[in-house]
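Take this structure, written in structure tokens, and hold onto it; I'll ask about it next.
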Amino acid sequence: MTENLDVLRQGIASGRLKTDELVLNMGPQHPSTHGVLRLELVLDGEIVVKIIPSMGYLHRCFEKHAEAMTYPQVVPYTDRMDYLAAMNNNHGYALAVERLLGIEVPERVEYIRVIMAELQRIASHLVAIGTFGMDVGAFTPFLYCFRDREYILDIFERTCGARLLYNYIWVGGLSHDVHDGFERDVADFIRKFRPTVTEVNNLLNYNKIFIERTAHVGVLPADVAVSYGCSGPMLRGSGVDWDLRRDDPYSIYDRFDWNVIVGDGAAGTLGDCWDRHMVRVGEMEESCRIIEQALESFPAAGDIAEAIPKRIRPPKGEIYTRVENPRGELGYYLISDGSANPFRLKVRGPSFVNLSVIDEISRGHLIADLVAILGSIDIVLGEVDR
Amino acid sequence: MESLLQSFFGDNILTLLLYCSLPLVFLLLYALLAILGEVKVSAWMQDRLGPMRTGPYGIIQPIADVLKLLQKEDITPANADKFLFNLAPYLSFMSAYAALAVIPFSSQYVGADLNLGLFYLLAISSLNVAAIMMAGWASNNKYSLYGSMRAVAQIVSYEVPAAMVLVIVVMFIGSLNLQDIIIAQSGPFWNWIVFGGPKQDVMLASGHTLDASWTNLIFFPLFLGTFVMYYISGLAETNRTPFDIPEAESELVSGYHTEYSGMKFAMFFMSEYANMFIVSAVTAILFFGGWNSPFGVYLGDAFDAPWLVAVEQFGWLVLKGLFFVFMMIWIRWTLPRLRVDQLMYMCWKVLIPFSFGVALLVGFLVVIL
Amino acid sequence: MGLLSQQYDDGNIVLTSVEGVLNWARLCSLWQMSFGLACCAIEMMAASASHNDIMRFGVLPRPSPRQCDVMIVAGTVTLKMATRVKRLYEQMAEPRYVVSMGSCSNCGGPYWEHGYHVLKGVDRVVPVDVYIPGCPPRPEALLEGWMRLQEKVRDFTIVKEK
Amino acid sequence: MGKTHEEICTYLSELFPDAGLEYDDAVPCINVPPALIREIALQVRDDAELAFDTLMCLSGVDFGDGTLGVVYHLDSMSLRQKLTLKVTIPVAEACVPTVERVWRIAEWHEREAYDLVGIVFQGHGDLRRILLPEDWEGHPLRKDYQVQEFYNGMKVPY
């Protein structure tokens, strides 16, 4: 199908087709920019010549807040960065401070953290898959994904009382113990959830039109992905076998048996939108496997608050900690000067880094493809702008 | 119908006006129903309820929508070409309304019983393109312009296979008159064109006799394919998913009607739904017997009440039309959207060659049979 | 803009019934601008998804501000975004309403003190009809806010107060 | 796992004998003189023994004692080793050569460091503010930052 485009491109290149460039301003309010991203598109007809992304429309000064708050007070602000993966954000921050403090957390806490983080990963991927479907024009899968996401939110809500931003994983422990029947709820969810993946596969992922729209589109070669520092499904979609949960293990991920899903270019070229999308779909199943194994060896009793320090004043020093967010590598660079507030906390958001590649991979595509590419990168503006 | 009105009001201009405005009444009622259908069907498909608070089960939701749109401020952007900007929605609605003139709602009622009915239909529904182009250009908005350019490219392209499909049917029946095409399919449902057309000789309204026999069954696969091709072209001409590229929400905000508010937006909205019905009704007329009852008999005949037959015929046509409208809604909420080049590929490289092929084949068969 | 912007001295029965019908039409068909800013936008999406289904109230999300009645300011309004929010509001057709969803757009929320780039309340740039507290408000809270907005529309009158 | 910081520092010191690379045990990291950061960055990326193909993070820091810093966190996917490079510069001449062409992502990270901390990256192709508006005053993550009273007619403090 792309040969038609090639004819067009040749015509333009040879000068037989006289064209003029047009600048189109997409966003900050636009249905497919996933929030308040603004893209200045330089277009040649419908073909994208250049993209100038401008962000900062949601810059909420996280790093300034971190400097003004005490260590535990920063946790709620980490929630609000990547608001689709608040648990993972909490987890990464807690790990950074714990490593600086040199404290070990109880086994039970580690298990709960991993289960919560993996549930959050599923929830986040569901949103990503749903909105990606919406970007290519299929509205219904979006609602199916949101329907199932609600079941995860119900579990979170029973445990910590919040639906979206939890402030749950604290430095040294958790804010609450899990509710009675937590294991049963989670197991129930996994059982209910698996058929959904099949449903979404039938409705969207293996739909002929969907594959036509996403295969061969926005191809991101592995070396470019590495140079741009892409991570998460973005990197794995390009065929790079890299997952921090396995390759730079933290928490108790090394105890479980699971696979890193890597794109294989089954429908088109390796590293296209469809690959990135299918990595997310596959990862949901892997998360289910991790959760199931965690539930099997879940310590029944234990105090979740025993390791929470009374005063948190890490010694002078600095640390860079990274965790695998649903979107990729979330890094916290924390400098402590020995006081109760972080001296400097820099966040390396995966969305920010993944977004930087948009200009590189969208050139020469159509506007419709650009929307698909943006959807497949799966950005959360809260984290791009922080 | 005309004679009925004449008996009440006499032979004057009032009668004619009333006669002409009947489709308008139908169109407005249908638009309300279709808008409700769209939200309700989509809700059911998505595990939701849809409007529930406006009247029982939300059934008067469209009335509230229209009343609200009437109250909205009518914005004309400062840099718009005001004349064209204001003209476009009326033109768009007019083309949809004018197309209804030749749709035979029953054997008794057709706005204008033209011998060139199908030809007129093709011509008048293309007027919509001009309206869309006007709207997109006059809005002075890049998204509108992109939307209208896409729409024009799309609609003009898909006119070709649609017209080709019409040619196939016309070749088979031998008349451009829509009433003739329907009469040719009278009798039980196996006489419908999609099932190979009439199986015994039929006398058309024009006095010409169509020779037919059961050998027509060999047309069944051909006409089934023709029907599918027409329906796809129809979807594309009405800008419905998977061909809703001109108003692709995630790409072009709302395409050519981005800048329209209030009633002018409602006009575009209504003409979209009206076009959906026209395409569906034409599908029903060309392939599914039009106002013919699928059983070949009418309740009215049993009671010896010709008016009841007319009502039944009207009912059958509307029912068939609404079924195809429902199919459009179903498709819309299931499939993703195609891309521009894929759309063009579909038209020029798939539909047009196939429709030409089928036309040749049908022509050949008509001659030898 | 015609009837709604006028004021009548005496509220006779015809005027008040017409007004009642018009108000009913407006409150039953509040089309929302699909426009999300931050975390609250996710809850706004959850409110329109299957579990909460805000479309029960006759809401239809429209992408173009020209065709919307309600702007839900869902999330933190930054200073960079504030001028855009204002512009979107200006592009909407009268009668228009603004729902401020969440603490951030009510008053700056958790960013009120150190958020150098956060607008401390969207009511500093556009007039707000309904404030919904919460960080983020639950979808149920949005539905409640919606019903409050409907009440407000229902009580609108073109008869001059005595 | 790969090399430690100390080993890398010794290795690099042999390659750049005059550079005066310092190994900081406390962090751990290698302190690099600002003028040499680009050469060293290229070296650590292309050297087969180091192969730091990814820039995980680039942070601008205001140390509060009249110096600013740029911290480079590097990662080698193939050799499974990490490296931290640190550049310290006085506030008065906050100028560091860019590594934009070494790792492509550095472009945005450097723009962010410029925006929030006010470090100028020499040779950067497009050094504009990335998060804050173009006409913003000051660099918020400086320790002595004072919030401006009004922006575009809107009051900034609560």
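Order of writing sets the chain letters: A, B, C and D. Residues in each chain are counted from 1.
By definition in this document, a contact is a pair of C-beta atoms (placed from the backbone, for glycine too) under 8 Å apart; a residue touches a chain by one contact, two chains touch by 3 or more.
Bear in mind that the values here come from a model prediction, so they are computed numbers and not experimental data.
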- Message: What's the farthest chain from chain B if centres are computed as the mean of the Cα atoms?
- Response: D
- With chain centres taken as the means of their Cα atoms, state the distance from chain A to chain C in Å. 30
- Message: From the mean C-alpha coordinate of chain B to that of chain C, what's the distance rounded to whole Å?
- Response: 37
- Task: Could you please state the distance in Å, as a whole number, between where the Cα atoms of chain C are centred and where those of chain D are centred?
- Result: 44
- Length of the line joining the C-alpha centres of chain B and chain D, rounded to whole Å: 64
- Tell me, which residues of chain C touch at least two other chains? 50, 63, 80, 113, 116-117
- Would you mind listing the residues of chain A that make contact with two or more other chains? 30-31, 56, 59, 61, 64, 143-144, 147
- Specify, in ascending order, the residues of chain B that touch 2 or more different other chains. 46-48, 249, 253
- Complete list of chain pairs which touch one another: A-B, A-C, A-D, B-C, C-D
- Message: So in the complex, the part of chain C that touches chain D is made up of which residues?
- Response: 79-80, 82-83, 108, 112-113, 116-117, 119-120, 124-125
- Query: Which residues of chain C touch chain A in their complex?
  - Reply: 34-39, 41-43, 45-46, 49-51, 63, 65, 75-76, 78, 80-81, 84, 88, 110-111, 113-118, 135-136, 138
- Quick one: in the complex, what on chain A touches chain B? 1-2, 4-5, 22, 24, 30-32, 46, 133-140, 143-144, 147, 203-204, 207, 209-210, 212-213, 366-369, 371
- Message: Which stretch or stretches of chain A touch chain D in the complex?
- Response: 54-56, 59, 61, 63-64, 67, 224, 226-229, 240, 242, 247, 316-318, 320, 322, 329, 331, 333, 335, 343-344, 346, 348, 352-353, 356, 360, 385-386
- Item | Touching residues (chain side chain A, partner chain C) in the complex | 28-31, 35-36, 56-61, 64-65, 68, 76-77, 80, 83-84, 127, 142-144, 146-147, 149-150, 153, 163-165, 381-382
